[in-house]
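Below are two complexes that have chain A in common, paired first with chain B and then with chain C.
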Partner chain A sequence: MSERRIGVYICHCGGNISDYVDVDQVLAAVRDEPDVAVARTAMFACSDATQQEMVQDIEDHHLDGLVVASCSPKLHMFTFRGVAKRAGLNPYEYTQVNIREQDSWAHTDDPVGATHKAISLVRAGIARTRLTTPLEPVVVETTPKAMVIGAGIAGLRAAIGLADIGLGVFLVERDEQLGGWVGRFGEMYPHQRNGQELIATLVEEVRKRPSITVFTNAELMAKSGSFGNYLAAVRVNTNPPNLIQVEVGSIIVATGFDTYQPEVGEYGYGIEGVLTLPEFKALVDGTRGSLTYHGKPVHTIAYVYCVGSRQPGGNEYCSRFCCAATVHASLEVAALDKTVHQYHLYRDIRTYGKYELLYTESRKKGSVYMKFPDDTPPAVARDGAGRLTVTTRDTLTGGEELTIPADLVVLVTGMVPRQNDELMNVLKLPVGRDGFFNEIHPKLRPVETVVDGVLIAGACQGPKNSAESVASGLAAVTQSAAILKKGVAELDPLVAAVDADACTWCGKCLEACPYAAVEQITVDGREVAAISATTCKGCGGCVPVCPEDAIDLRGYTDAQIRAMIDSLVEEPVA
Partner chain B sequence: MTALVDASLLADVQRFGAADVSACFSCGNCTAICPLSTNDATFPRRLIRYAQVGMKDALLSSKELWTCYYCGECSDTCPTQADPGGFMAAARRYAIASYDRTHLARTMYTSPVLGSVIAVLLAAFFAVFMYASHGPQNAASLALFQFIPEELIHNTGVAVMILVFLAGLAGVATMARGIARREQITVRDVVGSRAGLKRSTQALWVALGIESLGQRRYRVDCETVQEAQPWYRRRWFIHAATMWGFLGLLTATILDYGLALLGIKATGTPVPIWYPVRLLGTVAGIALIYGTSLLILDRLRGANRSARDSTAADWMLLALLWVTGASGFLIELALYLPQPPLWGYWVFLFHVSVAMELVLLAPFMKFAHAVYRPVALFFYALAEHRGTEGS
Partner chain C sequence: MSAVAAAEVHEKRAGSAPRILVFSTNNISDPGIDLAGSQHMHYSPGVEVISLPCTSGIKPAWILHAIEQGFDGVFIAADGDECAYLPDCSKRASRIVGEAQALLQQHGHDPQRVKMAAICSVCAEPFTKHVQQFSATLAGLRSSGVQ
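What follows is the complex of A and B.
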């Protein structure tokens, strides 16, 4: 590599770095490094003034490389890529060196060591930058169609939203019927709207839109292609099964949830009169007149909350919807028959936001709420006289033990992730510790997944009520529009590439790739590997497994990594 | 021990006039503000919670029910207008009805009309019963005991007393057993040892002497609420006047009977005003009339929190007490008028009938608190004693 002209900027971060790292010593140590044309310190490298200074330096000194030693690239990588771009420098000629999170903050007890480490890190950054080459983003044209998997309330609403912004939609539902859970519900909170009617309205809207193609009894079997242009294989389970290939630019996964199914014996489940929340909801929804169970009138109901949720060692998350859903169901019961006695045994009542009003109303209607201690959950049993009872402790009476004879015991069961192993396999979607699909960032990128163009909506991401599910469905619509309405997408060029001359096709890279980006192709009569730049995530997993060293990661080539290591093992003090 | 929940408890207590305490969310402001709630007896919040949850036995065996004098500060402070004071009063009515196994108290409380009919019929029964054996009405001087034979009055009175005693004893036994179990106090604790006996005697003195006759807590601890009034208008004094008056009259009546039995003085013999028994009766009568008149007046005017919501049961007790007292004075008047009026005979018959009824109905109406409250105070004193020993 011919001689480079690199600018190096070392940031004080207003003391965050310079309180522990001697920034001037770092400057002195690196300013005379070969290829360094300009080296400066800055109070705040990210400030407008310093950014302006960098632009000026790049132009004045004809810099062809940029090293910024400041904070984590997670914070300001795009900031300094922007600086390079504005100054006419290819943004991939810039290297971020983290001397804050990984140095000054980590070694507050050792300023000398921290300074030495900073010198080494900056030198390594310079070493990497010496070997950079200009890279251009990968530009792909996108298909203006989307697939929605799951036709529950979130999927149906998303399909309508996609159609309304002019995208073609394939709505894929595993079940025979559209509507999911909500399609089975009667009255729902908060506005006493009937679930079946809501779904009927949405289905009607779907039918009105010719750009929506609905597949029922159908599953996604395979996904190939790359971001913006996926080829999806849908199997429709007719007799014989029918395999349909469709091209889509994005995929919205809205596969919903399952309800927690207690073990027999768990809180008395299996005893007659002990129901789960969905079983109870179906009973109440199907009741006209007074509530009866198996022909017997129901006078007293005990609800046991948090069954299958917030259990240490089990489902540790809160299922969010169940408190409000139960309180609402108890109000439905009160409307059927106000003389029914209702006891709510809870760990914490979380009728958050406006649903607090439901709680207040149910108390007014006579519901009694009893908090049981975390370590003493209620016990459900049928006593010697054949009477169904719940024994619990009421915190507000000083923890005295009491036994409630009840006609029905409702186990307030929460949401669990739906068993979707095949779909997870096809889409390579990561799940969190709780088993629900994971978004990239809960606040800033709430419906995107690490697989570009594959979005998640509704309760497949984690417990949500129907309002929240619809909101996330529409967020996924917006995100699809952001990808597909431009017609093209730009991808990061920091991906792996195969040197076809060196490759002997052993297939190791194919096994190592978690994103199915490796393909076997024929070049000049030889079988070699090819990596799709649009599918590759640049994880680097394939690079070390290649026995021929035929794969390099752009931006992090073997040569660059070696140069960085060499510079790191050098004695730091100049 | 696990308590079996009675889901209908709250609704049942509400039949006795409780406000809608389902609004109560157990914040405990009532307990905090209550001048009588102590570590040995916390209320009203906990008792409201018992009712909400349906812990019937816990509610009925809480001595705390009876340590409240309904100053009403809790109700004024309650952020949800659940009226804890009103609840306590209703729960006491509920307790009186529950300690009584005859169901008569429940009827008296929950059906005011039927209760009033029973009261009138009972008085009428006594009147007819005694009138059936009446003698001549001497016009020259009021020979009351010729008109209604002394023997008949005394024997009926003794019979009524025995009935009342038995009924009261049954109620007290039910109550005391419940509280003792709840407080984990055994008979052995109370009378089983010399130390225990001493402790119990002290507690009895505190309950009967200091608290019941002396009205100490009512007088001292509820003082804050009563400062605005002169002493003779304070709630505790009016209540005490009524109580002392009634006890004085009861004592005078029994003494009079005793003097007759001993042959010292025949019942109905005119005596001068300074004659001890007569003096006692007169002073006690004045106290009773003063107390009951002011109680009635306060209730009519809604002068304080507890007087603001009056039930039929409150009126019935006051009415019977007042009428008994007033008719007694009328007889007194008739006896000492220079020309004895014939209406004196009828007032006498009325007085005797109403007095009999008052005593007979005592365990089945508000009057019963006169027995139940001291029992609770006895256990309270024991608990306090235990508290001091422990510390």
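What follows is the complex of A and C.
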């Protein structure tokens, strides 16, 4: 192999990498490696400025290989392949080295070990890149249809958006009715629109579009195929159940959330008059005239915020919609009857952005806000006289203990991940620590998942209000369009290839390939195997069965894997 | 492997935590391993990953090569039944491990130096546990002087 000219970039990732990996030490260790023409560190390798610097380096130094040691290839492999392409370097001459998810973040307890491991991994990346060759992508046609799972507000809006850009849509809803949570709501913030009416409008729009096929009482049971061309099996729970196979290019998961359900006894839950936020919202939405509960007029309401949220050892996250939703519900109550006394017992009020105006308005309308200490939550009980009371400390007035008699106590409960084991099993989508589906990157790839062509939208990804859910649904539409409207997808040309000189045609590779990508051909009077680059799926299943070692998977050749192993062990790690 | 080469490998391994080469797969087990890191689950930095498209593409000779170059063990983070390419991937992977074990034995290495488990795209905790347990097994082999 003639000498190569490789550029190596080691990313700080802000501090995500460099807080644990000494990136300067990594640079010093690899900059004089054979074939390395340029080596640098970068605060953010993915930033526009660094990408431009790489392009400049590739051009100025005539680089013929690129190594970026940063995050998982799932996040930025395509970014840096794009950098290579823009600079006129074949994108398959690029190697991504994962020193974040598989190094700095896994070894926050061992910075020295993490640094040595980074050196080792970067050397292996350089070793792999020394042996790369220019390749051209394989182009396949994609199916111009998408599936949306979940017909809440995000799923309905996404289905309409997909149809309007000319894609066929299969909208799959587990319930009998379309509409999800919002379909049960009355007036909603910020525009006082009625949730049921909003959903009715969206359902009407869905019905107007013949390119949307709606399945209710239906669930996704299986998914096969690959990005751009999935085959999905939908079970419609009729009697008997009906299994329908559909072809789709992308899948948008918009399965929503469950609400936190307090245990009996938690903040008095189970005592008559103690309601969760959704129970209270249903009560208010169903009220005409003055508010009553079980036939008795309601004069005083106490709201206890953050029930089930922001609890160490439990749900540590903030659901953030609940402050605004509660403040809004209290305004609805004030509109029904301005004489109702309303006490909001909170840890922090997070009526972020424009929802702050709701908070201001509710105070103007007479709501009283009291901040309780984190370590002393309010206690809800019925006293000896049978009165419902809430006892709390108000840190804003010197921490004095107050007991508030109330007709209703509303436990402001947040969102929790929806239990949907079957769907998780079919799609294999990763979930975060909080149990919600994980996007690849919250800012850069906010609706994409590690499963190519499977997107997430709405509150299945994490707590969102309805406006945010719709925004993410439409983001998933755009992402689907980016995949499917071109009509073709470029697949990696990392397919198997036969060394005809070494092949003796034993037929073992033919037996090993379920895709019929192998054929027997004659070369210079000898029978040998040939592999079709467009039919080969790139699994490499034929590679180990060849007794002559005559098959290599491009991008993962025998020489590359051995060179990587040799480089890895050069550096003592632990 | 010659006695001198064996001694050199032994020398390389001495005094450090067991070094494990992991063969993962791009779409199934590698995201699971990423997730372990994202959740700051700790395992030894001696665990290093080479990712491939599919478990069925691993050559037994690579496993032998890794051991002879100084890795204490090779962990195959397999696709299992979730392989998008090959419905019989688990069967093929078992055959690869069997061949690798035979190859290791032929060359004087303990077949326990290769281990396989199915690791799915969300199997962060199982991955961490597997490599920790494997590391303990390999440390045991080392202390008992097993090649």
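What we mean here is this: the second predicted complex is superposed on the first by the 359 of 574 C-alpha atoms of A that agree within 3 Å, B and C clash if a C-alpha of one lies under 4 Å from a C-alpha of the other, contacts with A are read in each partner's own complex, and residues count from 1 in each chain.
The working rule: contacts are C-beta pairs under 8 Å (C-beta built on N, C-alpha and C of every residue); 3 or more make two chains touch, one makes a residue touch a chain.
The model shown is predicted, which means the values in this text are computed figures rather than measured ones.
By the document's definition of touching, of the two partners only chain C reaches A:Ile561; chain B does not.
In the superposed pair of complexes, A:Tyr293 makes contact with neither chain B nor chain C. When the two complexes are overlaid on their common chain A, residue A:Gly540 makes contact with chain C while staying clear of chain B. In the superposed model, A:Ala124 makes contact with chain C only, not with chain B.
Of the two partner chains, chain C is the only one touched by A:Asp103; chain B is not.
Judged by the touch definition given at the top, the superposed model places A:Glu400 against chain B, while chain C stays out of reach.
Within the superposed three-chain arrangement, the count of touched residues of chain A is higher for C, of the candidates chain B and chain C.
Looking at the shared chain after the overlay, A:Val431 reaches chain C, while chain B stays out of its contact range. By the touch criterion stated above, A:Phe44 is placed in contact with neither chain B nor chain C. Residues of chain C touching chain A in their complex: 12, 16-19, 21, 26-28, 30-46, 48-54, 56-62, 65-66, 69-71, 82-87, 89, 92, 96, 99, 120-122. Residues 299-300, 341, 343, 363-364, 366, 368, 370, 391, 394, 396-398, 400-405 of chain A are the ones touching chain B in the complex. Within the complex, the chain A residues that touch chain C are 72-74, 98, 100-110, 113-114, 116-117, 120-121, 124, 224, 226, 424, 428-433, 438, 450-452, 494, 514, 537-541, 543-544, 549, 553, 556, 558, 561-562, 564-566, 568-569, 572-574.
Residues 1-5, 7-8, 22-23, 25-26, 46, 49-50, 52-55, 58 of chain B are the ones that touch chain A when the two sit in their complex.
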